[in-house]
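Letters A, B and C name the chains as they come in the text, with residue numbers starting at 1 for each one.
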Amino acid sequence: MDSLLAIWSSVPESAQLITLTVAKILAIVIPLSLSVAYLTFAERKVIGYVQVRIGPNRVGPRGWLQPIADAVKLMFKEIILPSSSNKFLFVLAPILCLGPALAAWAVVPFMDGVVLTDIDAGLLYILAISSMGVYGIIIAGWASNSKYAFLGALRSAAQMVSYEIAMGFALVGVLLAAGSLNLTQIVTAQQGWVWNWFWFPLLPLFFIYFIAGVAETNRAPFDVAEGESEIVAGFHVEYAGMTFAVFFLAEYANMILVAVLTAIMFLGGWYAPWSGLLPESALAIPGLGWLLSDGPHWLLAKISFLLFLFLWFRATFPRYRYDQIMRLGWKVFIPITIVWLLVVGGMVIAEVPPWFA
Amino acid sequence: MANSQVPNFFLALPEMWLLLAGCLVLVIDAFGRGKDRNTAYLLSQLTLAVAAVITVAMATDIRIFAFNDSYVSDMMGTVLKTFIYLVTAVVFIYSRDYLRERGLYQGEFFVLALFAVLGMMIMVSAHSFLTIYLGLELLSLSLYAMVALKRDDSDATEAAMKYFVLGALASGMLLYGMSIIYGVTGTLDVGQVAQRLASASEANNLVLAFAVVFVIVGLAFKLGAVPFHMWIPDVYHGAPTPVTLFVGTAPKIAAFAMIMRLLVEGLGDLHAHWRDILIVLSVLSMGIGNIVAIAQTNLKRMLAYSTISHVGFLLLGILSGTENGYASSMFYTLVYAVMGAGGFGMILMLSRSGFEADKIEDFKGLNDRSPWYAFMMLILMFSMAGVPPTLGFYAKLSVIQSLVDVGLVWLAVLAVVFSIIGAFYYLRMVKLMYFDKPVETAPLRANLDLRAVISVNALSVLALGLYPSALMNLCIVALTQP
Amino acid sequence: MGVEQILFYVFGAILVFAAGMVITVRNPVFAALFLVLAFFTSAALWILLEAEFLAITLVLVYVGAVMVLFLFVVMMLDINLAPLQEGFTRYLPVGIVVAGIIVAEIYFAVNAEHFGLQAVAEPVRHAADYSNTRELGRVIYTAYAYPFEIASAILLVAIVAAIALTLRAKRQSKYIQPEKQVIVRRKDRVRIVKMPPEREEPGTS
């Protein structure tokens, strides 16, 4: 152990920094990729049960190896480049889709202090980075040189830009409530049990943020960008093999991102639902005490619940018509958020307990 | 920051009232869709009237600053703002029938005009480069939209496009100049810029001269001084006549204020730098404006070139660099706004559904059709040409006087020569009205309010011409305020 | 040369390259994408200047919203590039001369002699806990409240103008209004008329 430390300290400082950072990034990205893989499995299982089917159950025990099999299949498939498509952009598009979905994780705190980069304007960073995901879709649609792909790209571009506004306003509400743009401070502003979290004072913003998140990720019932029944598969109709897999990865990574942000901003992040209520002695019980006290496992639980909602929506709701999506975004969500911002402002000034005391 | 308290909003009450009222008109008009637009019209007139009352009531003898010195309330501002309200109200009266007959009688026209007025007010009382620029943008943006309001007309759309592209370019130039000045002085406040310039080192002179060039190019674009005048004829011609009337009158008052705040108050110490540039601009403007106007067959285009030449005159007073010069320029601007309103108002009065009355020959034999209005037009044309005893004569006289005072006699002579050339086309209008046979024989059908206001407008040009000292004294008082 | 300087030159080079490509590349979609790159790198430069709020806002507003809509439009337009490029070579010499003169003038006026560290004091470096966003917010709502309000009025005018110029009152699409459908009664739609035959039935006579 000592010899390892000696080797470590002999490395120059800048190299130490780079190694550490890369290690941290890997510590986030590898579990994330695994979660994505198993989220697809969960989706098929959940939707299966909702529709009174069993879902995948052939590969491995109870079908647990299904995602691995899918990944292997996609990796070995040929990547088809359509003729007279723009080759460079065609390949770049999936990467542009995945990049922001991963980059946003840089500021996500898992625990007080456990975060890759603790920047001051974290919320803004999240907004800026997530607004760039749309480029992947637009470029994919355009570079494919296919009218279905192009239609899908146009729909998705307009939809994402529209919902970003409502989403941004919802985040402004959070920023007002927490008095900070830093995600760690937003969570610590909600310290306490369920009632102290921001979901209640910001209830309309909470719903709007989550629904807008569903729309931003182009998930059902807002998945007109794919719209199988109308435009085949939308923007990624021409993609196959690994390029397709990256789109897939990006979509699910974005879902997890939306879920984690919702959990952090409205559902108290890593605080347990009874945080601060239980006596110290209960938390000292070995095993159970850890489970009952605040920690990343609560964040994980909240994320899982929100992800389940995503799957539930998909199994339940029929797809929105395009003009209805636009109407909902512009004429319903944006006015509601603006009105609620005033309410939040009033509550902050009045110092309504327990949130703004 | 030193001044990070909540600022004193009260001083900007006229601006706040106009913003609020503009929003109200917008909402009331939007929810009153399908009914006639008279509510929007009446509310807009009411807004202007109330704004005028507030502005006059708040007038003070001393200059007061607010908002971290980016807002100034002074006599010049009060006078200019009052004239802006007046001219805009007159524009509204003139435009009503024209707009109604062409399906343009929409709330948007009035709302955009009100916001343009707000932009002008901000420019007039701006005391920081930032507010000057923002006011200018608010004004320009409203005007671009108003020019394009007749959206199915290719002339109007083209005019709006040219106006927009060149206007954006000019804003860029202005901003670049301002940013260099900020780089040298480290402040955007007009007063502080003046202070820093007074103590600036010699080494910075080159940079400042460079910045002044950009600022003046931006200003010249907005004013339409040659060689940055290309947009004026097209915009005046292409825009619906009421919009031309608006673009050609009130914004000139605001532009004068902008020059005063930027060049005189802010960069007064660089007078030597900007004087020579302004001389070139004004000589070219007077020359090209007056000579090209002769060749025009469209009255709107002719008035556009006449505007260019008037801008040349306006610059003459400013470049003289004396209090009297500034006052005569201010006088000239106000007079021009009143004359311009009358001139375009006549076009609006003669026009009717399907007939624009914007050709010069449409005025042939106006005397046979209506001697009274031919006489009104005669007064306006004489005034624009600078024939005594009309107001235009005194405007030109005072500007030339101020030039002679600072020893620029050659420039004064040149100005006189150009105005004699210019007199040709104004007097040609008079000849057409009195000595030619009418082509159009239809009687004039304008509303009573339009007829009354246009008569008052033209007669005031004559009456004030007989007693010019009242308005002139107002200008001098406004500019010599401590 | 420190890391910051290296980064500055790298980003600066990318920015100049991207900006150059915006105006020289033939395909308008590529031009728009290079513009996105240019915005992005200038945001990076602003971060080097410790203006992180502005940098992120630049990305958020320009990259995230404005350019998306721009691309949206550019992709849908079928621009024929040949006529646009006509005369490019003819005007090129004049353009180069004018541009060269302007660049030279700018260089002589705006150079290190006038804006270097001797002429202008070095800006103060802030500690890591200095919040750019908070400071900006503080001055915007106090010292710069007036310009800030004017900016909002400008945006309002932009909205009004855009709607006034594009909204067509008559809509061509037809909507079904369920609430009107359900209140329809038979008598609204069907009228039963009894009338005598207009013509003798064949065979009766």
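A few notes on this one:
We adopt the following convention: contacts are C-beta pairs under 8 Å (C-beta built on N, C-alpha and C of every residue); 3 or more make two chains touch, one makes a residue touch a chain.
Since the model is a prediction, treat every value here as computed from it, not as a measurement.
Summarising the inter-chain layout, the chain whose CA centre lies farthest from the centre of subunit C is B. Compare each chain's C-alpha centroid with the centroid of every protein C-alpha atom shown, and the nearest one belongs to C.
Subunit A and subunit C have CA centres that are 26 Å apart. Separating the CA-averaged centres of subunit B and subunit C is a span of 31 Å. Computed from the mean C-alpha positions, the centre of subunit A lies at a distance of 55 Å from the centre of subunit B. Multi-chain contact residues, meaning those touching two or more other chains, do not occur anywhere in subunit C. Touching subunit A in their complex are the following residues of subunit C: 29, 33, 36, 52-53, 56-57, 59-60, 63-65, 68-69, 71-72, 75-76, 131-133. Contact residues of subunit C toward subunit B in the complex are 105-106, 108-110, 113-115, 119-120, 138-139, 142-147, 149-151, 153-154, 156-158, 160-161, 163-165.
Within the complex formed with subunit C, the residues of subunit A that make contact are 89, 119-121, 124-125, 127-129, 131-132, 134-135, 138-139, 142, 150, 153-154, 157-158, 160-161, 164, 181. By the touch criterion given at the top, residues 1, 3-7, 9, 12, 19, 23, 26, 66-68, 70-71, 106, 108, 111-112, 115, 118, 122, 128, 130-131, 134-135, 137-138, 141-142, 144-145, 148-149, 151, 180, 183-184, 186, 203-204, 206-207, 209-210 of subunit B touch subunit C in their complex.
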